[in-house]
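Below you'll find a set of structures to go through.
Two complexes follow with subunit A in common, the first pairing it with subunit B and the second with subunit C.
Showing the complex of A and B:
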């Protein structure tokens, strides 16, 4: 029973981080229509920046804020330096088919991931380093008993819910959120409505960059920081987003928690080596049985 | 007044528009008719800057608008309803309308709310369905929504691309009549592209007949409608 409970708790706090990673993916999908595989590379980069600041004796929170800002800036740079120039190249007939137009940014994002990992390796010598947590990461003690979850776990779960509520409100309740959805769904009609889609897209890259940096900062305490540590989070986060429906913020969070529990149970009752296999099985099963995901809309998946 | 001179637009090496000149007078309906591939849609898409002309001029209220972005052109009072009931089906009816006014929401919110009210009076069915997804509407309702999305920006020039496409004759009649009323009551200038020449010429003041990217005839609408030889040569009836 104790093992079961601790698997649940461990799964929930892992799930919160996968949910954040999935949220970041969904944000850029809904705002710019791109599946961004460079996302966790951006997160890794800004986590390194935070870690460098902390090593120079700045407080955790200053490093935290600087990392979020640099995550946002990095998102803007990806859009301005890579995605926009690619979008402008539609005069070439090879790039003009709808299938190519949605595939090319994805391939470009994989390239950006490689560049970021190589750059981080060059700057920070690819050494593994630890990363602190902002709140206590020892098991909470209730009634003299050590619980299988920590104050840090609660902190992470809290941040996920705040992010979910804030982004959901942003999309459904603000004009900029509507502009963002419109630009991703139908750029032509959005432009004819007077929406500056270039600006809107850059903004969605910024927001997604901040959300993924948040995921990077929060996941690193349980792993060591290296240019490649966050790859696993990207794969699980992507699966969570697909399970949730890729265009649904709530769906991606549900998917994140579900995968967190799955990973944790495989870890406890089976063996850590099978985690990848389990994730692949979930991904393929969802794609076969319910390709639009738990909460996704059918039409979006046509893209 | 919208004035177009010697407009040329190419897709690759194909000249979709090959030297078009025309005028759309203020407060009037000018209709552009012609067979498939005559360049009607390209003409509207070039005006709203979705396509870039190779040469020629487009002047609106005595200022050239060539080279501006579509986002900018809406702000000058030119609203384009593209072909095929262009609404965003994954957004609600309400959101589709609001989308057309986002750019002036901050500067003039009271007028935006008023404009939305006026639209619901014009098309009560849209108000009944405002929470539904646009994808769940019938073809006619979608076309009304697409027009509403354009009207909420309070345009002085409305570019309408084949509003009758795929709709039942009764619905076509209703939509064309609404556009006609808007023009007569509010002084809206309309440039109406249609394949359904009879209906379009029935309400228009002026007719422009396009053929293979050039203007084949430019006549008062009544006169064009009565010209049997012209109709037989270009429209096949």
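Showing the complex of A and C:
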């Protein structure tokens, strides 16, 4: 029973992180029509910045905030330096079909991932380093009894919950959020009604960058930091986003938690080597049975 | 009729010239570069699989490395358990990859763009991890040991001493030529035109009577056969294991395909040579300002990734597109 409970808690805390990663992917997909495979590379880069600051005796929280800001800046840079120029090239002969138009940004994002990983290797070497947690990550003790969850689990779940509430408020309660939803729904009409599409796009890259950097900061303590550690989170985040529906913010969060529980149960009751296989089975099953995901809308996957 | 046969003759001439050129190089080059050139030929076959899949029919796959692994493991199991010769093992590898491609294609025909990219990326990670999972069959992290072996006696009597790297190159050459000849014929034929129609406008292609799903699956099968062939040759250099077919291999092939020109056979050759010889080239070019080891290790990855971004943004057609810009017909 204790094993079961700790699997549930570990899964929920992991799921919260996957939800952030999935949220980051969905934000850019809705906002800019790109599935950003460089996302966790950006997160890796800003986590390295935080790790460097901590190594120089800055407090965890200063490093935390700096990492989130640099995550946002990286997102903006990716959009301004690569995706916008790419968008302007749509008349080029290699981009003359819908199939290629959706393929080329994917390839560009893989290039960005490669650049970020190589840069991290050059700056910080390939040696793996640990990453601290702001609170204790041993089993929490209440009334002399060891609980099946840690203080860090609670911290992760809490901070992700706050982030999700803030994101929801931003999209439902503010003018800019409304503008972003409008341009995701129909860019042409949004542009005609005076919304600055370019700005909205860049903003979705920024928010996505912050969200995925947060995911990176929260997941790294349980895995050593190296240029390639966060690749797994990208895969899981993508699967979570597809399970939830690639164009649904709420869906991506649900997908994240579902994947967190799945990974946790595979870890506890089976073997960690099976995680990829389990993810692949879930991904293919969802794509075959319900390609639009749990909450996605159907017409997104038009021919 | 005469036009068709002259077209076929042209393809044959190109293939023969290609063989002669590589054969000439195999005699002139030193063993290290013979080995490198043989890897470039393997990558050429792998990149042709991307040219067929992505360039011609518009479907993206980040999982060609996984199909290469399927080919490699099938051959290794055939050699080690059934005692097959490497030639039969290569045939077995291609058949296994064709079957894997059929399964993949059935799933992939329903997907497009980023969905397909993400799914194939997960496949690229999941397939090699199977080797660790079923350690007793696939040899775990270490993998299985296979090799090109020694050159046959008739070759040494014909050519004198044949080094290991030279034999590796000469054994790879006929398959690279075959892949080249097949691709030339496929892309120049009615089949190739129908794939391009699929890429350019799926709705129009289906209105014109094309069976979309069947065609997509067929493209996947053919492309997987090429990838499997590349994979078994790549494995025959020594080891078939998860570390031989990492996700970075899939991305390296994609990089080569894009840099050279994703729609061009010549581009595939340029791209393969580029990704294989780029590290040597960079080492040679950076020798004068001797970068630290840490930077030197990541310099090839940095430069090829930067080239990938620059190509996509500035010249999506790749190098080959620039070379024969004027006579493009698609």
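Keep this in mind: the second predicted complex is superposed on the first by the 298 of 303 C-alpha atoms of A that agree within 3 Å, B and C clash if a C-alpha of one lies under 4 Å from a C-alpha of the other, contacts with A are read in each partner's own complex, and residues count from 1 in each chain.
The rule is simple: contacts are C-beta pairs under 8 Å (C-beta built on N, C-alpha and C of every residue); 3 or more make two chains touch, one makes a residue touch a chain.
For clarity, every value in this text was computed on a predicted model and none was experimentally measured.
When the two structures are overlaid on chain A, which partner does A:67 contact: first (subunit B), second (subunit C), both, or neither?
neither
Taking the superposition as given, does A:178 touch the first partner, subunit B, the second, subunit C, both, or neither?
first
In the overlay, answer first, second, both or neither for which of subunit B and subunit C A:194 touches.
In the superposed model, A:194 contacts subunit B only, not subunit C.
On the A-aligned overlay, A:26 touches which partner chain: subunit B = first, subunit C = second, or both, or neither?
neither
Going by the contact rule set out at the top, does A:49 touch subunit B (first), subunit C (second), both, or neither?
Touch status of A:49: no partner.
Would you check which partner chain A:16 touches, where first means subunit B only, second means subunit C only, and both and neither mean what they say?
Neither: A:16 stays clear of subunit B and subunit C.
In the three-chain superposition, say which chain, subunit B or subunit C, touches more residues of subunit A.
Of subunit B and subunit C, more residues of subunit A lie in contact with C.
Following superposition on chain A, which residues of subunit A contact subunit B and also contact subunit C?
In subunit A, no position sits in both the subunit B and subunit C interfaces.
Considering the complex alone, what residue numbers of subunit B touch subunit A?
Per the stated touch rule, the residues are 48, 50, 69-71, 74-75, 79-80, 82, 86-91, 95, 98-100, 102-106, 135, 149-150, 153.
Provide the residue numbers of subunit C that touch subunit A in the complex, in ascending order.
Residues of subunit C touching subunit A: 54, 58-60, 62, 107, 110-115, 117-119, 121-123, 125-126, 129-130, 132-133, 199-203, 247, 251, 254-255, 258, 262-263, 294-295, 297-299, 301-302, 304-306, 308-309, 312-313, 316-318, 321, 328.
With touch defined as at the start, can you tell me which subunit A residues reach subunit B in the complex?
These residues of subunit A touch subunit B: 175, 178-179, 181-182, 185-186, 188-197, 297, 299-300.
Note which residues of subunit A are touching subunit C in the complex, please.
Contact set of subunit A toward subunit C: 29, 34-35, 37, 82, 85-86, 89, 92-100, 102-104, 106-108, 110-115, 117-119, 121-122, 125-126, 231, 235, 238-239, 242, 246, 271, 273-274, 276-277, 279-280, 283-284, 287-288, 291, 301, 303.
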